[in-house]
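Okay, handing you the structure first.
Letters A, B, C, D and E mark the chains as written, and numbering starts fresh at 1 in each.
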Amino acid sequence: MKRISILNGIVGYKKKVGLAPGTLVHVGEEEARTCELSLIQYDADDVHESSIEADTDFGALRKEDKVCWLNVDGLDDVDVIDRIGEAFGVHDLILEDVLNTGQRPKLEEAEEGLFITVKMLQANEGQISSEQVSMIVGDGYVISFQERAGDVFESVRERLRSGRGRVRKAGADYLAYCLLDAIVDNYFAVLEQLGERIEADQVQLMEEPDEEVLAEVHGLKREMIFLRRAVWPLREAINALSKSDSPVIRKETRIYVNDVYDHTMQIIETLETFRDVVAGMFDMYLSSVSNRMNSVMKVLTIIATIFIPLSFIAGVYGMNFNNMPELTTGWMYPLGFWLMVFAVAVGMLGFFKYKKWL
Amino acid sequence: MKRISILNGIVGYKKKVGLAPGTLVHVGEEEARTCELSLIQYDADDVHESSIEADTDFGALRKEDKVCWLNVDGLDDVDVIDRIGEAFGVHDLILEDVLNTGQRPKLEEAEEGLFITVKMLQANEGQISSEQVSMIVGDGYVISFQERAGDVFESVRERLRSGRGRVRKAGADYLAYCLLDAIVDNYFAVLEQLGERIEADQVQLMEEPDEEVLAEVHGLKREMIFLRRAVWPLREAINALSKSDSPVIRKETRIYVNDVYDHTMQIIETLETFRDVVAGMFDMYLSSVSNRMNSVMKVLTIIATIFIPLSFIAGVYGMNFNNMPELTTGWMYPLGFWLMVFAVAVGMLGFFKYKKWL
Amino acid sequence: MKRISILNGIVGYKKKVGLAPGTLVHVGEEEARTCELSLIQYDADDVHESSIEADTDFGALRKEDKVCWLNVDGLDDVDVIDRIGEAFGVHDLILEDVLNTGQRPKLEEAEEGLFITVKMLQANEGQISSEQVSMIVGDGYVISFQERAGDVFESVRERLRSGRGRVRKAGADYLAYCLLDAIVDNYFAVLEQLGERIEADQVQLMEEPDEEVLAEVHGLKREMIFLRRAVWPLREAINALSKSDSPVIRKETRIYVNDVYDHTMQIIETLETFRDVVAGMFDMYLSSVSNRMNSVMKVLTIIATIFIPLSFIAGVYGMNFNNMPELTTGWMYPLGFWLMVFAVAVGMLGFFKYKKWL
Amino acid sequence: MKRISILNGIVGYKKKVGLAPGTLVHVGEEEARTCELSLIQYDADDVHESSIEADTDFGALRKEDKVCWLNVDGLDDVDVIDRIGEAFGVHDLILEDVLNTGQRPKLEEAEEGLFITVKMLQANEGQISSEQVSMIVGDGYVISFQERAGDVFESVRERLRSGRGRVRKAGADYLAYCLLDAIVDNYFAVLEQLGERIEADQVQLMEEPDEEVLAEVHGLKREMIFLRRAVWPLREAINALSKSDSPVIRKETRIYVNDVYDHTMQIIETLETFRDVVAGMFDMYLSSVSNRMNSVMKVLTIIATIFIPLSFIAGVYGMNFNNMPELTTGWMYPLGFWLMVFAVAVGMLGFFKYKKWL
Amino acid sequence: MKRISILNGIVGYKKKVGLAPGTLVHVGEEEARTCELSLIQYDADDVHESSIEADTDFGALRKEDKVCWLNVDGLDDVDVIDRIGEAFGVHDLILEDVLNTGQRPKLEEAEEGLFITVKMLQANEGQISSEQVSMIVGDGYVISFQERAGDVFESVRERLRSGRGRVRKAGADYLAYCLLDAIVDNYFAVLEQLGERIEADQVQLMEEPDEEVLAEVHGLKREMIFLRRAVWPLREAINALSKSDSPVIRKETRIYVNDVYDHTMQIIETLETFRDVVAGMFDMYLSSVSNRMNSVMKVLTIIATIFIPLSFIAGVYGMNFNNMPELTTGWMYPLGFWLMVFAVAVGMLGFFKYKKWL
């Protein structure tokens, strides 16, 4: 994950200040100048997949007895999004939310259908990328908006093509569930990667606590905050979806929504566990550092306390008093002096041993 | 932002002690002796803007089929505010709240209309200024009270003049929404500025932790407390507004109120993120300081532990014993002594290397 | 505020152990042996104020069409309180609460009327005093009990005497509101004084952190706990009052009760702000102390690390080896030695400068 | 209070593993082999007190128009408890709870009556003892079970004997209330004793922070946890009792139950105050220790920094260079040298004074 | 307990990413390749126990008037579980949950019956093992799934065989209760073992705080997090069970479910007590370490401050000034010098004694 700014979530919002409500502006980093549109239309018997042009008549895409999934990659071509909104009768404020990539995950129920916006996370080669996915789910259609190309929906497309599972037989609501489920399933992969980093950092913290690993811990904290901001409202949104009495969600789909809800709960618990552990890592660092400080101080103390009295003795016999009988006693230097030195050193070391400092 | 006193919110309240309920007194810093009044009257076809005098007959301002927005800048001329209150049938207690600039943001529903009071923040050139804005919204009119001239409503006035957007076609409730929306949008700009200061302080905390940056962190904490006190009740007030069954808020405006509500949630989440980060900054400071202390101690320890034994050796050969054969051995000083010195120094340095202190 | 004991709130309760429920005993510090009674009777046209004797027939005080406010100063004359209770039909358990000065602020609705008990705070000359005030509010009468003479009701009495404001025209419920409002308004003065002490302590903490200011901080914490215990239940009680459907509280008074409720919220927010700030003061102390420790250590390190090598050099040339050519070189002491000293000192200082310790 | 184990609350539970639900086993420390039974039967006119045998026919104890209070001291004679249960129609699971002395305080409503279990605390001579008391309250009877002889009910018995207060005129529900009230009143005495220990420890913490007082603080924390586990569910139970619509609790008793509820709230607030204070004591210890450390370091620094330069000077003039003119200057030692020493010492002390270290 | 990974709860989940909802895959560590099935069928009069094969016709196992308990040990043979699901009409999503061993404990109500999944803990010889147990409870049958052979149900089987207790006379719901009760009872044994470890670690922390015991504390924290994740949702699930209006749970069983609920509350309280205590252990470590550091520093300070002035004196009389009258005074060395040394040493020691450092 590239370094997460604490400004994430409001970045680029300044562009909106002073604009009339419902004015469409892409809020967020500009990623793709273009806007790619792909369409899948299917029923139990048949499936048809196509890539479509920006100037299509979107109103003609809805078919009586087929489910239509329109996917939009890239939010910079505001005009296309505006025309899609008109064709499917989407309120301007909802289109505004589609374009505001700092939007909190949420579910909104309109007359026409449901609007769901969530964060899609992907873990590739040690990198985690985040993208806002918005879905408009109506009777017979799902429109999904992504910030850029690339998503976690390939398995859903595969099932649609092959006709495996319930998806072809069920309606647009089940498709929307499948997309949500795919997104939520990928959170587990992200968590696993994060958890492995945490475990590795803990080992390093114990063994070699330096400023680098401390910076890592601060980074983990930020990522955790980011993930919590993505997951907690997601849980709210999915809960609202399972409680919703919108006709768009059929009774037989509700049990599937409950299942995704369980998964978000499992994700939240894991995340909170991580948070408790990461919160404890600063304490581990402090105690590790203070242990090291302790052992540094002990070495200083041991060496100093041994040599300070010894130096005093040497100092005494370096004095120039006339009347110092020891100086003229022949065995005093080779025997008496070195014995004194030995006795002090051994005595001190014994004292340290007794105090359990060695 | 000028240094925020913790007394903010109750400052000047002492003036009120002992007064009868409903007595009008401006509570807060006195800012403007005068009170400027401006009026915009409009319908879908027409708009009329004027600045009016303090001695106007306010009762005559309401027009049957036009929306009337009366804006009051400056709260010190209590008499004007009293007469406006009478003309529009506003309860004395509500006028008291208009004048109490420490008032918590809130929504109050009266028979005549709605009363909303919020904090308006503006970010200009690294300075953030705060001002209480109160609005009385009734059938066909909005009265807004500000502490002083200058606001964030210029874009709304511009839309009123030009007739862009829905505002000219909609009623007083939509105008009130537009004003709230303009205020809330400006919180994002304030947050962005704050976030940038936090990021800068974090870097300095890591690189050069001194008492100055610590004071900065304490300052940030205070500003955060101030912002939270402005935003959390704002969210409550807007929530109450969207749930209100007052006839003043029409059904088609409600969806817009929900949109502002989303924005306050986004602001609150960003603010709580900042708070978590700022809370962690004190820990960063402590660990940064303790790391520095550590390296200071290490230098002391290394130099002391190398030279203490060396000084002892020098002390030994400075003793005046008669019988010290080393002293008379010719190669002892240039060779033996300096070899000893070299051996001790290298041994010590090796020991430190082994202990990973170097 | 005299030092607040953590036992405050249960002090003297031991007297009650083993007594039958409803037995009247003054729980709290004994303050006044006597019990002073004063009476104000009024209607829109007239007001009559008198001080009355302990052996009055309290039953005769109620007048058909006048509001009667009986104030009792001092709770030690249990007999008087018992007879008042009987005259106005007050339940024994409520009289017990009047006498229990550790009682939590609360509202109780009985058939006869309302019972409200709160803490009255007064700030005089840097001292804050606290006193429990209980009120029994019925149809046409208010009875207030205080622990001792002196209160914050003088402004209410003044309004009663002069007939200013609504109070003479309204009923007993409005009088009770006025008393509560006077009490709550005085909390602002107390908070202001407390806030000023906090600000002063913060400055001292930064500039001269000693054990005295730390003791101050611990004292502030205690006072904050005491205030929170007074204010949070007060808010509950006032909220219950505004929600109460007792016939004693008339519809037109309810809006005034809501206004006091707003004030308690403002007080609570200010108090919580203080609490956050005071909680941070211990961190400020720790960091201030550790900064000082740091600079002490640095001075020791700098002086020691400069002189330790110098002393070694001096020690070397104090040795008594026969063969030390340096000693006999004429320019060695005045030039060579002092140059070495100078070089070591300058080198060390340069190193510290480079390490940013100076 | 003897040292409280953290296992308290589940101690001895292992005996139950694998037993069928409703199997009666005394869980807890075995205290009394025997089981003492005492009976009080009363109505408004008459009271009869007796001690009864274990082989009594318990079914015969209930009298049509008298209230019967059967008290059981000691839970080891499971058979007696079983037969009491049968005689009064008590469910096996409730008898199990009577015997499980780690049971959380709770209220359970059965068809036959109410089951209440609480912790009874007693403070005698600096010792606090805890005991589980369970009560079964039915129409015309109260059965109380205690772990061992000795309780806080003597005042209730006294009132029953003398006929003072309401107790003889009221029913079994009022008797149960009186017992609860006696238990709750004794919590105040326990809190007072605890509060005095806390205050004493705080003083010692400030004046002489050693490991002993730290151990005291850890002990206080444990006792606080124990008390909270007793009081919070007690509050719940009494609240449930006051809300209960069981016919066993008559309308006129409800106001008394509310009064006990107030007392538990007062206890909880005091306890939470204690907890806040005890939580702060560890901080006080740390800062006290760090202050001491600080002053130790200062003494070392002052003495070292004064003598290190002095020793260097002495070292310089102990060198054996031939060409040291100072050595042969007559006034150099008695005047020049000691002046230098004096200047350095005074300079250093001045520097420390200036730095405010002295 | 083998070291608990923070990834526990999501381990192996990656296998599921991209699969259609309801696809059966064993998520968790692979433990048993095989899948052992055992069956107990009983009514009040009779009991029949058998081990059955994987290729049985599971649909034939249900008997009109007998209760059937099918236990499955091992989740790797997905096919068997699939066929059981079909035979008893279990929804695919529920079978998915059975196989997902990181599933949060929960209760789910389906038309066919109830689905309960919990964690079963066992404490054997200082080791705690955890296993997910899922139960499907319908009209006349209980199916239990375990991760591997070995459980805590032996006492239930014993009661079924012998006909002791209510279990043979009651229905499938009572059997399910008995299994839950057996699981919950074993939590007490686990807690007891954990509590004993905590107490032992506390003692060591006080007496000999080293990095090993600190690692123990970090381990305890992890286990606590794990236990909390097992117990809190368990409580929710059992609460939902006792509130459930499913026809599967008969009225007379409900009181038993409430009893298990009480036990989970008791477990939670004990666990939270442990958590508070373990949270305090890091503080104990820090203060223990800082106490040790303190005493190390004191020894250094005492020895250094005594000898530094003494060495200075020795240095002075080692100077080579011509004019040092002390040097030639005969009694100066043996008397004057050693007296000075003695005076300084005694003075210093007295000073330390006075400062209470000795």
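Just so we're on the same page, contacts are C-beta pairs under 8 Å (C-beta built on N, C-alpha and C of every residue); 3 or more make two chains touch, one makes a residue touch a chain.
In UniProt terms, the chains line up like this: A, B, C, D, E = Magnesium transport protein CorA.
Please read all numbers here as calculations on a predicted model, not as lab measurements.
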* Asked: Which chains are in contact with both subunit B and subunit C?
  -> none
* Angle (degrees, nearest 5) of the CA superposition of subunit D onto subunit E -> 70
* Tell me whether subunit C and subunit D, two copies of the same sequence, contact each other through the same residue numbers or different ones, using over half shared as the line for same. => different
* Structure fact -> Note: subunit D sits from subunit A at a C-alpha centroid distance in Å of 43
* For subunit A paired with subunit E, centre-to-centre distance based on mean C-alpha positions, whole Å -> 27
* Asked: Using the touch rule from the top of the page, what residues of subunit B touch 2 or more other chains?
  -> 286, 290, 293, 297, 300, 304, 308, 311, 315, 318-320, 324
* Hey, how would you classify the chain contact layout here, line, ring, star, complete or other? -> ring
* Cyclic chain order - from subunit D, heading first toward subunit E -> D, E, A, B, C
* **Touch list for subunit A against partner subunit B, complex** => 5-7, 9-11, 13-14, 16-23, 91, 93, 96-97, 102-104, 106, 208, 211, 214-215, 218, 221-222, 225, 229, 282, 285-286, 289-290, 292-293, 295-297, 299-300, 303-304, 307-308, 310-311, 314-315, 317-320, 324, 326-328, 330-334, 337
* Structure fact -> Counting only contacts in the complex, subunit A reaches subunit E at residues 154-155, 159, 164-167, 177-178, 181-182, 185-186, 188-189, 191-192, 195-196, 198-199, 206, 255-256, 258-259, 262, 265-267, 269-270, 273-274, 276-277, 280, 283-284, 286-287, 290-291, 293-294, 297-298, 300-301, 304-305, 308-309, 311-312, 315-316, 318-324, 355-357
